[in-house]
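Letters A, B and C mark the chains as written, and numbering starts fresh at 1 in each.
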Amino acid sequence: MGIKILEDKCTGCTLCVKACPFGLIKIVSREEVGKPHPKYKKIAVIGQGCNLCGACLEPCSVQAILIEREEGKPRVDISQYKGVWVFAEQKKDEIQGVVYELLGEGRKLANQLGEKLSCVLLGEGMDEAAKQLIAYGADKVYQIEGSILRNFQDDPYTDVLTDLVEKEKPEIVLMGATAIGRSFASRVAARLGTGLTADCTELAIDLEKRQLLQTRPAFGGNIMATITTPHSRPQMATVRHKVFKKAIRQGSHKGEVVKESVEDKALSLRTKLLTMVEDITQTVKLADADIIVSGGRGLGGPENFHIIEALARTLGGAVGASRAAVDAGWMPYSHQVGQTGRTVCPKIYIACGISGAIQHLVGMQSSEIIVAINKDPNAPIFKVATYGIEGDLFQVVPAITKTLKEVLG
Amino acid sequence: MNFIVCIKQVPGTTEVKINPKTNTLIREGVESIVNPFDTYAIEEGLRLKERMGGKVTVISMGPPQAESALREALSMGCDEAVLLTDPAFAGSDTLATSYTLACGIRKIGEFDLVICGKQAIDGDTAQVGPGIAEKLEIPAVTYVKKIEEINEALVRVERMMEEGYEVIEMGLPALITVVKEINEPRLPSLKGMMRARKAKIQIWNASDIACEKNRIGQPGSPTIVNRIFTPPPRKGGELLLGDPEEQARKLVENLRQAKVI
Amino acid sequence: MEYFLTEEQKMLRDLARRIAEEKIKPVREHYDETEEFPWPILQELAKADLCGVYIPAEYGGTGGRVFELCLAVEELCKVDGGIALILAATALATFPILLFGNDEQKKKYLPDIAAGKKVAAFALTEAGAGSDASAIQTVAKREGENYILNGTKCFITNGGEAQIYVVIVMTDKTKGSRGASAFIVEKDTSGFSFGKKEKKMGIRSSPTRELIFNECKISKENLLGKEGQGFIIALKTFDASRPGVAAQALGIASGALDDAINYSRERIQFGQPISSFQAIQHLLADMATEVEAARALIYATARMIDKDPKLRVTKEAAMCKLFASDVAMKVTTNAVQVLGGYGYMREYPMEKRMRDAKITQIYEGTNQIMRNEIALALIKEAAKTKK
């Protein structure tokens, strides 16, 4: 079990050395390590600490690296688990946008498996919401009502969902990778002892093995990994907003609502939600925005952000900022896009005066259209931009705003 | 009060690039760093110790070289460090990692608060924090941007949400994961670095921490990596030329044609 | 060049570098413009334990000596040659206490300096006594258990902001150069006030002020060493502190060189980076060689001082101060030249380096005095060996 270099195949070419993100592979002389070969003088050696991430497998042109996985025994009887579930996150009684996208994707998965698509809805007074979920394709809605469930709290929600999963045995559970979803899903998966893959960008079914193929970015998006949960159920995955397309509403779609009430005292609650405070500075939420206009170091100072804001307003978009601008105090952290800020995936991302350091790119490189405006023609951002404008942003950005106003009326 | 900070050593992504010819990851002299979010966790632990008195123990699960990350934490002022390292831990997914760290924390002993960074910049899952809380059977709040109040019995925090924040109170022992907004991490001090150099780090392997063999490492990982591939590289596109007005016009034209505005 | 620093010296250097890059770089322009005293930077240095790099551990320092001070000052000056004076100029005033202070004085003053809680200043120069230090007129008259100070010092670095002052004054004018003594005077002592702050060409964040003593009464406990030892204390102090000034000059030159090299690679003219032109290459080669030579001389001198405190180091200390400061002036001037127009603009950090470098050829003994000292030492040595 573990990772092995196949001695007879390895040519000592060094392609794997550069691919290991942890720098653990070395090329040594075969003679030194007692592994002679008639043709090749060198061989790769993998150092301590390899966590079997597999990044070295693809670059190897002779398939000389083998990862052997220990076949774990199934923890549960997998054949008993059927159906695709979507957790219907609601905030202030409103179903969150990502849920409709999960219903769209969930429908495809359910159809492929020949199973039902269900929703789990927790809250208080959720009758209308439940009907909405059916209209968007849910075959069944488990509507759990309770005053303690009105707003999300870790403990009662985890109790309810894990009990329900253990009772109803779904094979797949999908959740939005929202602030709530990410920590909630982790807790549920940990309690159930099952696998969870976060921030999936692609979901597919391997019908032969009846497995969910969960694809997600790693190392800041420089690498994609396809994950499976072969021996545990349910297979859990979280998906970010705007990755999948929203399901189509069909008023005529029929489904079953299973309504259940739960008493507060039946559930645990170790945290006390005291207040909710809204942030009014963000007029358009970054996470939801279809269009984002971002400013970076090139703006020179906080007083210049108004040209970014003007363009964003004209486009009906949100304002983002690079880490440089946030660290300099020109914009609040809530607007930061990048590795230690937010990851966004809008239709249009306009980067103004942003050089495109990799830590910023990982936060926005999956945007549909990237526009880069920078006076330095060698700025790395131009490598990922769909449209690049080399120029003075103080002239270009207002020119764009002006042209848009004329065109859009 | 006893504070435990969980950290991870990760590759510094500054130099991680994609080789355009072979479409694979190139690592050019990547140094290992303390996961950036974890430095905020360390700083918060130190501030809490300064406020309430007590001890900060920093713990990490990783290969032997992760020791340098622990020494960095010590040089910032942490009191003790524990490294969980064992070939048996290799191939751990987030569940196995949460379990292993929880076993390690239990062995450390009594604690009031476990502090984790929001997520690791290599895995990006943000799952281990809540996973540890579940395994330790303690309450948790993620994305904490401020600790409003803490005493022997409870902690009150501000949790960052998409559209603002929530104020949540919970009894101790508990776990929090923190975001950048919470503080500004200190630089290490020279005396701290000298102390850290000489400090003895506790190194524990699987048999030291009372864990079940089938719940660590690969056997304990329900998820496995089936395949790794590099996404098709995003190609640079068109350069729009002309004076600012022309460039603006061309851009708006293109965006209209693409039907995004 | 590899200087085979110890682990601890490397840690110190890397930490000083980090502070310079992360804390000083973003604000250096601000302090140059406003000429404010950079208290926040002092706090950062204090938190990092850098204020005590040259102070023994028993007084709260980290137990390093001149070499460690030079490492720290060099790194800080690579980013800004003026802000580092909060450390370097304090060190100048602290060396007298380290070398000649009695136990009580060391216990009273060193811990606060090592912790960065207090800043110190060394006061010798007067309007009529610059290079001719023996011409000082400020006097201290013994009266019972106290001394009364009268006179004025000028061009005192950290003047007005420092809390601790080491002052060289005449206690017996009849004895000439053996008639001076060194005293520790604290700020807010009655009779001790400050004159105006000077406006300078460079190191503008470092305050330079007159010290005015008017019937200033201090206890005899504040006498450093013995009466009459004043100039000896000053000279021994300079032997330890001149490598520090040299390190300041070295840092300034080194920072200028690095920026010039980077700029030359990015600046395209005639279709090529200017680094491909021999005119620039030769300039850079000369600059780099001189900087490295200065560094090697400073490190060797500092190691010599630290290894054997009994060695005579006046010549070597003067040599490294002389050489490094001349190199700094030359290198910064050429670095501005490499940057061309941009080198002259205040928007870019290069011109400041040239302005900052000049003082290193002037203070703590002008380079002309340095040459005097070196020549004197050479002749004395030759006289000794000649039979």
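Assume a contact is a pair of C-beta atoms (placed from the backbone, for glycine too) under 8 Å apart; a residue touches a chain by one contact, two chains touch by 3 or more.
Keep in mind it's a predicted model, so treat the numbers as computed, not measured.
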| item | value |
| --- | --- |
| Far-end chain from chain A, centres as C-alpha averages | C |
| Nearest-to-centre chain - CA centroid comparison | B |
| Mean-CA-position distance for chain B and chain A (Å) | 17 |
| Centroid distance [mean C-alpha coordinates] between chain C and chain A, Å | 55 |
| Rounded Å distance between chain B and chain C, as computed from the means of their C-alpha atoms | 43 |
| Of all residues in chain C, those that touch chain B in their complex | 7-8, 11-12, 15, 18-19, 22-23, 44, 47-50, 53, 62 |
| Residue ranges of chain B in contact with chain C within the complex | 186-194, 197 |
| Interface residues, chain B side, partner chain A - complex | 11, 13-14, 16-19, 22, 24-30, 32, 36-37, 62-66, 87, 90-95, 98, 121-131, 133-135, 138-143, 156, 158-171, 174, 177, 180-181, 214, 218-219, 221-231, 234, 236-240, 244-245, 247-249, 251-252, 254-256, 258, 260-261 |
| Sites on chain A touched by chain B in the complex | 1-2, 15, 18-23, 48-55, 57-59, 69-70, 72, 75, 154-155, 178-180, 182-183, 185-187, 189-191, 193-199, 213-214, 217-232, 270-279, 282, 285, 287, 290-291, 315, 333, 339-341, 347-348, 357-359, 362, 365, 368-371, 382-392, 395-396, 399-400, 402-404, 407-408 |
